[in-house]
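You will see chain A twice below: alongside chain B first, and alongside chain C after that.
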Partner chain A sequence: MLGLNRKDTTFFLIVIALTLFTPFLMQPFGETSPLAQFNGGYPDLMAKVAIFGIFAIGFNILFGLTGYLSFGHAAFLGVGSYAAVWMFKLLTLNVFPAVILAVIMSGLLALLIGWISLRRSGIYFSILTLAMAEMAYRLAYSVLTPLTNGETGLQVRPTDPRILDGPGAADYPNLFGLELSRSWRLEIGDHLFTFNVGYYFCAAFAILAFYISLRIFRSPFGLMLRAVKANQQRMNYTGLNPKPYTLAAFVISGMYAGLAGGLMAAMDPLAGAERMQWTVGGEVVIMTILGGAGTLMGPVLGAGTIKYLENIFSKINENVLHDWFSFLPDGLENAVVWILSRFTGEGWALTLGLVFMLVVAFLPGGLVEGGQRIARLLRRRGGKGEGGAGGGEETAHTSPSTPPAAE
Partner chain B sequence: MGILEVKNVNKSFGGLHALKDVNLSVRENTVHAIIGPNGAGKSTLLNVLVGKLIPDTGSVMFDGKSVLGRKPYEINQMGISRVFQTPEIFGDLTVLENVLIPCFAHRDGVFRMHAFETVEREAAMIEMAERILEDVNMADKRHAHAAALSRGDKRRLEMAMCLVQEPKLLLLDEPTAGMARANTNSTIDLLKEIHEKRAITMVIIEHDMHVVFSLAQRITVLAQGTPIVEDTPENIKGNPKVREAYLGTAEV
Partner chain C sequence: MDQIILQFINGLDKGSAYALIALGLTLIFGTLGVVNFAHGTLFMLGAFCAVVMQRILTLSAITIDPTQKDFLGRPLEVKTPYVELWFGHDIGQLLIDWAVPLSLLLAIPFMALVGWVMERGIIKHFYKRPHADQILVTFGLAIVIQEIVKQIFGANPIPVPAPKAFSGSLDFGVLLGFDPNVIVYPYWRLVYFLFSSVILAAVFAFLRYTTFGMVVRAGMADRETVGILGINIDKRFTIMFAIAAIVAGVAGAMYAPINSPNYHMGMDFLVLSFVVVVVGGMGSLPGAVLAGYLLGILESFASMNVIKDALPGIDQIIIYLTAIVVLLLRPRGLLGKRGVMED
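== the complex of A and B ==
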């Protein structure tokens, strides 16, 4: 189906199903259950997972395949957001023109930054991209204030021309009149599920982004990108110029970042320079490595994990912890709460840091490798007699139809 | 006129005059060995031929066209392939993928944005790659990880990657360096077979005289950056100048 072989088609259908059923999957607990605060199935978080999933999938095309580590992808995210908000202001609050311009503008910026940065490789490339993004961030605060509105950020105002919108048009980003903030609720017993237009809009793009990434992974172009990572010297002496391949990968990943930025603006029509800060560029690096760089599913898993931790762990403050541990004697309760509160609430980043360190140290292939190890362990437990067959699968794993870099 | 014509090439690195007035003519469809003691300039000459180094003066013509100032990938596309002293392969990829890459390079040139095609549907390319793997007796290892191969197999794989491009000239930089005698002999047989079957011109840089005299039809002896003799193997063996250059360091 769609140019995929049977295995990939199944894989893709599973991804689509997971995406469509996210409002259920991320909402496993009932409203009155004490675990209700671990529910992540609200539109804002789900859309963030989809958006950062897109960001990380694109980043993975550059970093996972070619091995070029960019710390400057936040610049493309920011440009995507600004471009989208300008479309809202000038043309219409319909999200399609906004998203299209976001992708185009970030692609152009990626072409420029990539053309300059790709003169170097390794750490020098990383530093160049970091410098470029930092420059974009500073420019947004200084000379570019007419375009970016400086520290206030770019917003949609009632006085904006919006030449394509008629007098009765919606005042919120919409899909041909259907507002993205619109939600439907479904109550089943104690459970409450929310279906949000904005989430499904982002999810549709995430599915498209995943599909394109899957095709690139399986294409001769993707093979060339992996060749760049494996041995540039041999590539040169095989009659291939690595430069346009890396530049193409850079621009594609920049466009993915721009799409993510555009979708962020669509969910919340506001663009600020803080989206271009280097911490955002670092976040996508962490997402990709945490999930598993060079794998198809890894970046999405990484993005989901981090956004979930960020939104759920940060809500567990000391009061919540005291509630949980009220059964302990007072002194002990205070001690336990004191320790745990370093890792939750505002300290959630510490948890993330620990998880990241553990993954990098013990699972260099990220969460995907963790999943594979567990699956292998279960298979071995399942039938000792299949030992030989398991070994056979190992080798089948590295056949060109299922490259090791892809699951 | 040879397929490869090197004329009056000079190359200095600071005060070191690595190549002095090098003239070399390689005739089509011969195996031409370049020998000489360490530091004679063999590797420098090879790097000039593949575009890695640009000589200070002189000209290098391949197949009637100058190679000077061209990038290594452009020179490769002209029909010169190179085997390195330590095999340069794509370690992260499988053996079959390693060979597929030069197949695509051969068909599509230095760059093509084939992002929406699928590798496994490129039947012609896969067939081409599998055929060359059979030629070098590696078909059974096609799904192995290239980095996990033995040194001898890596060498075979690299050779297959070069051959699949159907080069007009194959440059070999000490193809048997660091190999056991048995592996050396099998490499010699492989090279002989390649030469006979495919009629590829080869330039070999080699220390091992056993390899040189088993394969070469012409030999150029380089000493201190200058070719001192060029002749057939039989005449080289008895040449006193060659003995002098080596000072008995080789079993000539």
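== the complex of A and C ==
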């Protein structure tokens, strides 16, 4: 189906199903259950997962396949957001023009930055992209204020021209009149499920993004990109010029980032320069690596895990912890709570940094490799036929280059 | 003319900080072949050594003075720093006043320890891994250190004053025959510039004139041969890592009065110092120093009004622009050796 072989079709269908049923999957606990705070099934978080999933899938096309580590992808995210908000301001609050312009603008910027940065490789490439992103960020704050509205950020105002919108048009980003903030609720027992237009809009793009990435991974073009990572010198000797391939990968991943930026603006029509800071680009690096660079599912897993945990962890404050450990003797309880509260709530970034370090050090293939290892272990334990659980799903689909040269 | 001189000396202190951080980065890269994204964080830790020193010195004993009342009519609580109790009022005040220079006493052993632990605990295991992995693990480490500092000291910048003796400004223009108050330069920045010159000279002298330095230089040139000659190069490189950490740390501690320490200053300086290293030439120590001062001064010139009017926004991006131009025109950097990390 759709140019995929049977295995990939099943895989793709599973991904579609997972995406469509996210409102159920991320809402496993009833409203009255004490674990209700671990529910992640509200629109804002689900859309974030989809958006950062797109961002990470795109980044993975560059880093996972070619091995070029870019720290500058935040610039494309920011440009996408600005472009989208400008479309909202000038043309219409319908999201399609906004998303399209976001992709085009970030693609152009990626062409420029990539054309310059890709003259170098390795650490120089990382630093060049870092410098470019920092430059874009600084410019957005200073000279480009007429375009970006500086520190305040670009916002949609009632006085904007919006020439395509009639007088009675919706005043929130919408899909041909259907506002993205619109939600339907479904109550089953004490479970509450929310279906949000914005989430499904982002999810549709995420599925599309995943499909394109799947096709790229399986294509001769993807093979070329892997060749760049495996041995660029040998590729040169064979008479192939890697530059067009890497540049194409860079532009594609930049457009993915722009799409993510545009969707961010669609979910919340506001664009600020802080989206362009290089640490945001660092975040997508973390997501991709944590999930598993060079694998299809890895980046999405990484983005989902990080965004979900970020949300949950920041909710666990000291009171919640005291609640959990109230069965311990007082002194011990306080000690345990004190230690744990360093890592939760405000300390979420600390946990993330630690986990990230551990993953880079011991599990270079990320969560996907972890799943594979567990699956292998189970298979060895339980004889054959037991390995379907956990990461078994991905085993067949991950690229051969999964562990990035660990030795 | 006076404007040019003013911007030139203004660029010196920032350039000194860049040069010191870049020197440490280059030392680590040259000896261990590791790209250390946590180096800016070491600079930040140094700056917080100054904060800690100030807090230690102002630790106070609280006594209740029944003769005085506060505005609610309760006996007044008088805070007396312990140093004043121990050494008398005058010496105590002097010590508190000189907290920043004194913090070097704390910064040097502390940074040596941090450097040693970092190298033995983490970096050691990444020698043979690709540069991308090294960048990633040190990036993670930088986040961890930064968050720990944030939890201890909070998110706001903490002002740390320079000693009162250096609080004024030097009217530099008068010395050169300009009108008074045209070229003024705060004393502390002058101190910082001199201090960093001394450190730079010390590091170079250490590498040039001691046997230890000779071995390290030999190891930078050809690690394998030095190893075959029966010298334990790993141990020396660990020590060099600690030295690089100390250089970054003292640079940060002395910089605290110029830029109030906050937890993310390390990341801010990191990007810049990487740019400096690349411009100077990866692995070239003199290149790092030269590029540090050069970029510091360029940045300062770009913030002149004349130039800002001609090219709006140039002051924000001049460093990055320079780096891009240098990398594209002269890939090995200003003083880089031919063939070192050229692609």
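The rule is simple: the second predicted complex is superposed on the first by the 383 of 407 C-alpha atoms of A that agree within 3 Å, B and C clash if a C-alpha of one lies under 4 Å from a C-alpha of the other, contacts with A are read in each partner's own complex, and residues count from 1 in each chain.
Everything below uses one rule, namely that a residue touches a chain if its C-beta (ideal position, glycine included) is under 8 Å from a C-beta of that chain, and two chains touch if they have at least 3 such contacts.
This structure is a prediction, so every number in the text was calculated from the model and none was measured.
Peer 1: Touching A:219 in the superposition: chain B (first), chain C (second), both, neither?
Peer 2: So A:219 only meets chain B here.
Peer 1: Have a look at where A:322 lands relative to chain B and chain C in the superposition and call it first, second, both or neither.
Peer 2: Neither partner.
Peer 1: Just checking: does A:191 make contact with chain B only, chain C only, both, or neither of them? Give me first, second, both or neither.
Peer 2: neither
Peer 1: Just chain B (first), just chain C (second), both, or neither: which does A:231 touch?
Peer 2: Only chain B; A:231 stays clear of chain C.
Peer 1: Is A:121 touching the first partner chain B, the second partner chain C, both, or neither of them?
Peer 2: In the superposed model, A:121 contacts chain C only, not chain B.
Peer 1: Give one of first, second, both or neither to describe whether A:182 is in contact with chain B, with chain C, with both, or with none.
Peer 2: neither
Peer 1: Return first, second, both or neither, reflecting whether A:241 touches chain B, chain C, both chains, or no partner chain.
Peer 2: After superposing on A, A:241 lies in contact with chain B but is clear of chain C.
Peer 1: Looking at A:135, would you say it contacts chain B, chain C, both, or neither? Reply first, second, both or neither.
Peer 2: second
Peer 1: Under the contact definition given at the top, report the residues of chain A touching chain B in one complex and chain C in the other.
Peer 2: 404-405
Peer 1: Which residues of chain A touch chain B in their complex?
Peer 2: 3, 5, 215-216, 218-224, 226-227, 229-231, 233-241, 244-245, 248, 395-396, 398-401, 403-405
Peer 1: Sort out for me which residues of chain C touch chain A in the complex.
Peer 2: For this pair, the touching residues of chain C are 35, 122, 125-126, 128-133, 135-137, 139-144, 146-148, 151, 267, 271, 274-275, 278, 282, 312-313, 316-317, 320-321, 323-324, 327-328, 331, 341, 343.
Peer 1: Mind listing the chain A positions that touch chain C in their complex?
Peer 2: Within the complex, chain A touches chain C at residues 67, 69, 116, 119-124, 126-128, 130-132, 134-135, 138-139, 141-144, 278-279, 282, 285-286, 289, 342, 346-347, 349-350, 352-354, 356-357, 360-361, 364, 404-407.
Peer 1: What residues of chain B sit close enough to touch chain A in their complex?
Peer 2: Chain B reaches chain A through residues 50, 71-74, 76-77, 81-82, 84, 88-94, 96-97, 100-102, 104-106, 108-120, 122, 125-126, 143-145, 161, 165.
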